[in-house]
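Structures for review follow.
Two complexes are shown next, each including subunit A; its partner changes from subunit B in the first to subunit C in the second.
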Partner chain A sequence: MASRRRMLLKVIILGDSGVGKTSLMNQYVNKKFSNQYKATIGADFLTKEVQFEDRLFTLQIWDTAGQERFQSLGVAFYRGADCCVLVYDVNVMKSFDDLNNWREEFLIQASPSDPENFPFVVLGNKIDVDGGNSRVVSEKKAKAWCASKGNIPYFETSAKEGFNVEAAFECIAKNALKNEPEEEIYLPDTIDVVGGGRQQRSSGCEC
Partner chain B sequence: MQIHRRLSMLDEWAILKPRCGLETKCGSHVGYFEGDAERIALASATGHNAIQLLQWPLTSDNSDTTHRIELLMPAADLDDRIRGNDESTRSVVADDDTARPFIPRAPSMRHGHNAEALLQSTGSASPGSIRLSKRKSRPQLQSHPTTALSYAESLPPSRSVSRRPSTAQLSRFASGNESDRASSQTYSPNEAALDRISLLGHDSPATWQSLKLHAEVAPFSNDEPAPDDDDDILHEFDNFTDKDHQVVFHGWKNKLKHFFILSASGKPVYSRHGDDQIIGAHIGVIQTIVSSYQNSAEPIRGFQAGTSRFTILVKGPLTLVAISRLPESERQLQNQLESLYMQILSTLTLPSLEKMFSNRPSTDLRRPLQGTDVLLDGLADGFTRGSPSTLLSALECLRLRKTHRRLINDTFLASRSPNLVYGLIAAAGRLVSVVRPKKHSLHPGDLHLIFNMLFEAGSVKANGGENWIPLCLPGFNNTGYVYMYVSFLNTYEQPDQDASARRPSSADDDQLAVVLISASKDCFFELRDMRNELVIQLQKNGSMAIIRTAIARGQATCSDIVPGTVLRHFLYKSRGNVQFVMPSLKPDFDDLVTRRKLMSLYHELHEAVHAKTHLKIHYAVSQDACALAWETPVFELYSVAGPRASRAAMCQGVNQIIQWIRKEEERVFIIGGAVF
Partner chain C sequence: MHETDQHDLSDDADYAASQGLRSNLQKEAAKRSGPSETSGAEVVYQKDNVTIHPTQYASERISGRLRLIKQGSSLFMTWIPYKSSHTSNDVGQGSNARLFEKERNLYTIRAVPLTDVRSIRRHTPTLGWQYLIVVLSSGLAFPPLYFYNGGVKEFLATLKQHVFLGRSADDSNVFLVNDLQDPLQRSLSSLELPRVVSVANGTSSISASSVPSIEDSDKINGDNHVGSLRLSEYSGKQRQKSHDPRDLSIQVPSLPANAPDKGPGDTEKDLTEAPVASDPLEKTQCRKEKHGQEAATRVGTFELVDCKEFDRLSLVWGKPRQPPLGFEEWATFLDGEGRIMDSKALRKRIFYGGVEHSLRKEVWKVLLGFHAYDSTYAEREYLKSIKKAEYETIKSQWQSISPAQAKKFTKFRERKALIDKDVVRTDRSISFYDGDDNPNVTLLRDILLTYSFYNFDLGYCQGMSDLLSPILFVMECESESFWCFVALMERLGPNFNRDQNGMHSQLFALSKLVELLDIPLHNYLKQADCLNYFFCFRWILIQFKRELEYGMTMRLWEVLWTHYLSEHFHLYLSVAILKRHRKKIMGEQMDFDTLLKFINELSGHLDLDSALRDAEALCICAGENGAACIPPGTPPSLPVENGFLNSQQDDDD
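Moving on, here comes the complex of A and B:
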């Protein structure tokens, strides 16, 4: 099966409760938006095929719950991510302030081999609200923070209007891919039979 | 089209009524499973007061049928439950000499020398390896026969007592004593249709007597319309070709059995059915379930959801999952998952696998495993069809006369080249001869991987001619590769013909393989020379003709082995030799559906005598078949007869099989083997 050989990239979406993580994902995948708020329980899983530079990839998107009580599942969700998306609400200062915590929490729990260069993408969501009048985090401030954390790519989005969502996820895919290593070739050792190929396991209980 | 399913919403949870919940404690988690026809909701309250809600499968269905959802608790909890509620048994000696034997046998067998078959072997073969020692598997008579029987006690003895294999209770079963239910069990799942046959044998009901007057019928041949899912197996191995996503998804859901392998980060590594689009969300759910139990005292091993049994095996950076609607136990599915894991190790080796994930937890293992799907599929489909070899963790040999096998062994040894580690001759999935160094034995799991590669997956023989395959034999050594020279032989080949100049292959050519394994990667030509020499010598001394005849003869049918028996099929495993014997599946179990039914019955019998360690004899009657399982320290025997076979006739057949095996022991098993 050709589709099987497609490379799979794991993307995790983090951010405070209610900033619109699930809505962004819904908009990206299903082109749908609902005003109704339903808190995510644990995590949502979603796959989407993307094409990038003539190669097809499968994005495996893990949309986590923002509420603190779900953080015990963190390790399971964060481990082995290829890209981490941090989302905040431009109308809520606290959700922006918390980005630092989310980023650090992710780096601690996922413990990537090269934390300095781990690919993040930051999304400032809900720019449509009240025609932008209720906005409290300026683009400049957000970009400054992103620059200070190793030039994290930054996008302003509206999940409701679908604004910039496609572009943001394209960047996410590109960044996830950047983390792809050179094809590792690992040649296992040859066994020293004279020294004794050890018999290290049994085929299970015979009783 | 994308699949996006919510695990669950809080408000949806509120709507779900706790109709059939089962509350249970699991480590630090309090789990609450609840389900209706198409979904499980799992709420697991942890110390952090987190709640996860899950559905399975991730579809909505309007069906209103309620299923009971059972959570399989970690073994520690189960132990407690067993201690608390179950009566365990142990063997005691009884003096009731008037007892009727459960297994009728000739008078000479009661106290005579034949009773040795029932006595415990002193051989302490390492359970995982084929022991090819010089010693015969037949145990020496160590004590005179006793009339001991197993006896149920109300005192709860420790598990170690009940696990101890008993030599005593095998020789005789008392009737008229309630206690013998403890070690032999009879059940008839379909009591309405067929009256229960009493184990005690006194009260055969009239209906049963009249039924017995009818002609004998083959198992699984009753005329009643089979339930729809009986034929599901016919579509089990179909690929999805439809473009319509809903049709594909429906087909995917209807598979009897799924195997998933995922990495610790939740990336899919392998799935038997379905592509990323279908399995993506399900993989995520499995990952969540497994992760929620990772911090508890023991990781989750499996659970039952509706008619599906989930079994989970966590091996280092990999999680292997089997989801089966077939009647298989958790233990049996774990065994199958172990085998898939060994196949992955066979491709990558353990250090390589661990290194990849420690360097990069997000490793997409499908790329290094590329091309081995056919091997994993071969194993998985073998398990779905039903593999006696995996069920019994044993191998099957080609039946040959002792002198013939010795000649082949000697020829093999004589042509041995210096760098050879193992040499095998295998015919159609059965072992003909093995040469091995004195200090190394061959692991049945490794041999199963080789046989799967050679005879099931079709990847090697498709190549014809010769193959040089680097692979890891994890049972032998999981840290590195050995190198395997494989050549399929034309049994009609003339000695003067060169391997490359053979006739185009026919079906027969694919049946006989010479497998030569070396630890040195530069030995291709050395092993090829050995193979040529071996073939020439086998031709010269007539062994090739003998093998050819044995292959053509195929397995004997049950009635060839025991003329006139009611038995239609059996599996006999010699524990000491880690080998098994079975008759041909012809004529009764030739097609996929009846074969699978037979295998399902064997799986149930196997579980029955393995789940409760004190259960040594298990007799089951259903509308479809009668079955008898008998376990002793020396052998395991599973036999099947038609639904109208009498118990006495079955027991007689079973005893005849045991006599036949004793007579044929050195023909049907490789005992000793060629050691250098």
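Moving on, here comes the complex of A and C:
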């Protein structure tokens, strides 16, 4: 029965308000960027069909409100997640400092069965801003943090320009798939996300 | 904990717990009271195989015995589920059996005095069993009782012999219990009796010793005598009830001509021999005339809104919407010095039609409470000027923070950054806020930052910019916008509390209203594990701001701010919208994710006027029972002083 049903992979995007969670999701799913997004209230999600070799999967990407005051809603939205994407703005130090809180809060609220090995992916967004001149978090610093948390895959992205977004989500999907319980019969080693990705400028997906 | 019990009456678990507690106390009381104090109780009605359907699954139905027990001049209703067969047949395993036992206790009706019953609704579906829904004065309704072996008529006829039973004028299937029209009864009811009376929870207010101890199913043995009822404290006692004017219109008409169950020699006949008999045909005609006007303005008709009877929807709609209030008409509400003479009439007028846009600037300040209804032109001018100065003072608090000071003031920097991020993504598609360096965006920013200093504890929270935007758009004045926003936040502030208790209490109330007004939908959401109502979070947090286009948001808000039928009209609106889509929600078996997506995508597709009319009908029909679903202090009510509104309602499931 499981093999007949299209498998759902649930991904949660977290991070401070205004780091670009909604934009990243829309860029990946709709290939669009708008300057007129509104602050997300509550939660919403978009879905995208992804293909791994001959199998189709549905990636369900959850976009949540970024203010920590709304975290108590997380219980309802995080449950059953297969991968968590932590986003920060490379131009805002606080948004990077807060990654740890987001990670811990997620683990508390989603309470995955194996928190040690639950897949996270970190995205440093808005690398396009001011030609990189307003950047305050270095790639090195971000990678060091990711390494200290069990080698979390790290990507630098620009949702506005669509840079590295495809590659990042490819990795996210792959990690989400790895997290699925083994009831699924077939787990390919390599994946081929529809649309393909461009050259990634990152530490790459370690999976 | 006691406060919790008082207002959290309809939480099933609490209720069951209190019942359990009560029955224990009873046993104690019964032990203590000697035989001299007890007198015999008589079972005046008994029916087997009266069943409740907790879920849609036949295997989970619970059958039991329904009885009416008379003790002195008081009558009690009990429904005790059977113990054995069901458990062994359907749920063998330990955990399931325990679960069933829990359910069983939950649903057991232990000696509820009929004085606590508000109404009984009879359902006679063309297919399937007849059933009754018993609604308590507290607003709590027992699950529908299905009479597998018939006996509904006898039940009502027996009731009629012992308590005052009147039919609702508008729905012959609704029987109102204890509508104290008898002057003697009324004067009795006005006696203050020495017991704990809680406003919201009628059911737990019965003192332990006054309830007969006949709750134990082991005692069911078919004889008509049940011992050890202690009534010394109960006789002559009547529940004190606040009387709704609607109740006065109750009459006891003969059955409508098309009543399916009318027959000569029926027990029902007792019921038809009523003091005020009206011609059934006349009644039908009268009801037809009321289509779309005042239909459904009485108790008990809300079930008609169900989709299966969609064609009858017009029957229960609220009044047609009126054109918005304009300047000329507005002037008629004012006396020579500018006081609003009849605030209720004004609120009613706005409730039904809203306000013309050019007049909003005046009217919103009154609706929001910035100006008092009885203030004069002069007083308003004066207030405006002093409040402007006051605003400037508060604003200067953050304006005076130098960059050097800001460096050492993290909270300020973070707050400002958050506001800066949000104002540039608030309603930028409206020309009032569009374009680069729009001064109105700066005003939004300044007002929000000032508010976060005015109410430093609450600070800034996402959603506030959505609430402020239309206010600034209407007022076009910084200081007046600020004070109107302050007034609005007096009521909606708890939506943004760190512990989210304002939101939780509203979502809780919403779930209780759906339970009251649409049991099938409630049951569906329950089994789909959606009772947290998080899918309505955005609706509630910012009052449908993201669901409607700008003009319609303003229309809705002024309607809500009238508090004309209810302070919580937005919750009835939510029920109305859910009801409109229940067929799809239930038909497509939506799970939480799908439902959330579906609700989010209703944005921009809501028909506000018809939703308002539905909500009006629902609100009126729900009446006191609806109000009882909403814990005191639930936003936008002003906060309860002693602060007992806490987050105990978090887990309704």
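One rule holds in what follows: the second predicted complex is superposed on the first by the 177 of 207 C-alpha atoms of A that agree within 3 Å, B and C clash if a C-alpha of one lies under 4 Å from a C-alpha of the other, contacts with A are read in each partner's own complex, and residues count from 1 in each chain.
Basically, a residue touches a chain if its C-beta (ideal position, glycine included) is under 8 Å from a C-beta of that chain, and two chains touch if they have at least 3 such contacts.
Owing to the predicted nature of the structure, the values given are computational and were not obtained by experimental measurement.
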item: Contacts of A:Lys94 with subunit B and subunit C, given as first, second, both or neither; value: second
item: Which of subunit B and subunit C A:Asp82 touches, first, second, both or neither; value: first
item: First, second, both or neither for A:Phe45, with subunit B first and subunit C second; value: both
item: Which superposed partner A:Gln60 touches (first subunit B, second subunit C, both, neither); value: both
item: Partner chain in contact with A:Gly18 - subunit B first, subunit C second, else both or neither; value: second
item: First, second, both or neither for A:Asp114, with subunit B first and subunit C second; value: neither
item: Between subunit B and subunit C, more extensive residue contact with subunit A; value: B
item: Shared contact residues on subunit A - subunit B and subunit C; value: 38-39, 41-45, 60, 69-70, 72-73, 76-77
item: Partner subunit A, residues of subunit B touching it in the complex; value: 2-11, 13, 46-54, 126-129, 163, 165, 263-268, 275-277, 280-281, 283-285, 287-288, 290-292, 294, 335, 338, 348-349, 351-352, 355-356, 359-364, 366-367, 370, 373, 393, 421, 437, 439-441, 443-445, 472, 474-482, 519-521, 575, 578, 613
item: Subunit B contact footprint on subunit A (complex, rising order); value: 1, 3-8, 10, 25-26, 29-30, 38-49, 58, 60, 62, 69-73, 75-77, 79-82, 110, 112-113, 179, 181, 183-184, 186, 188-193, 196-207
item: Touching residues (chain side subunit C, partner subunit A) in the complex; value: 414, 417-418, 421-422, 425-426, 428-429, 461-463, 465-466, 496, 498-500, 532, 534, 537-538, 541-542, 546, 592-593, 596-597, 600
item: Subunit C-touching residues of subunit A, taken from the complex the two chains share; value: 17-18, 35-39, 41-45, 60, 65-67, 69-70, 72-73, 76-77, 92, 94
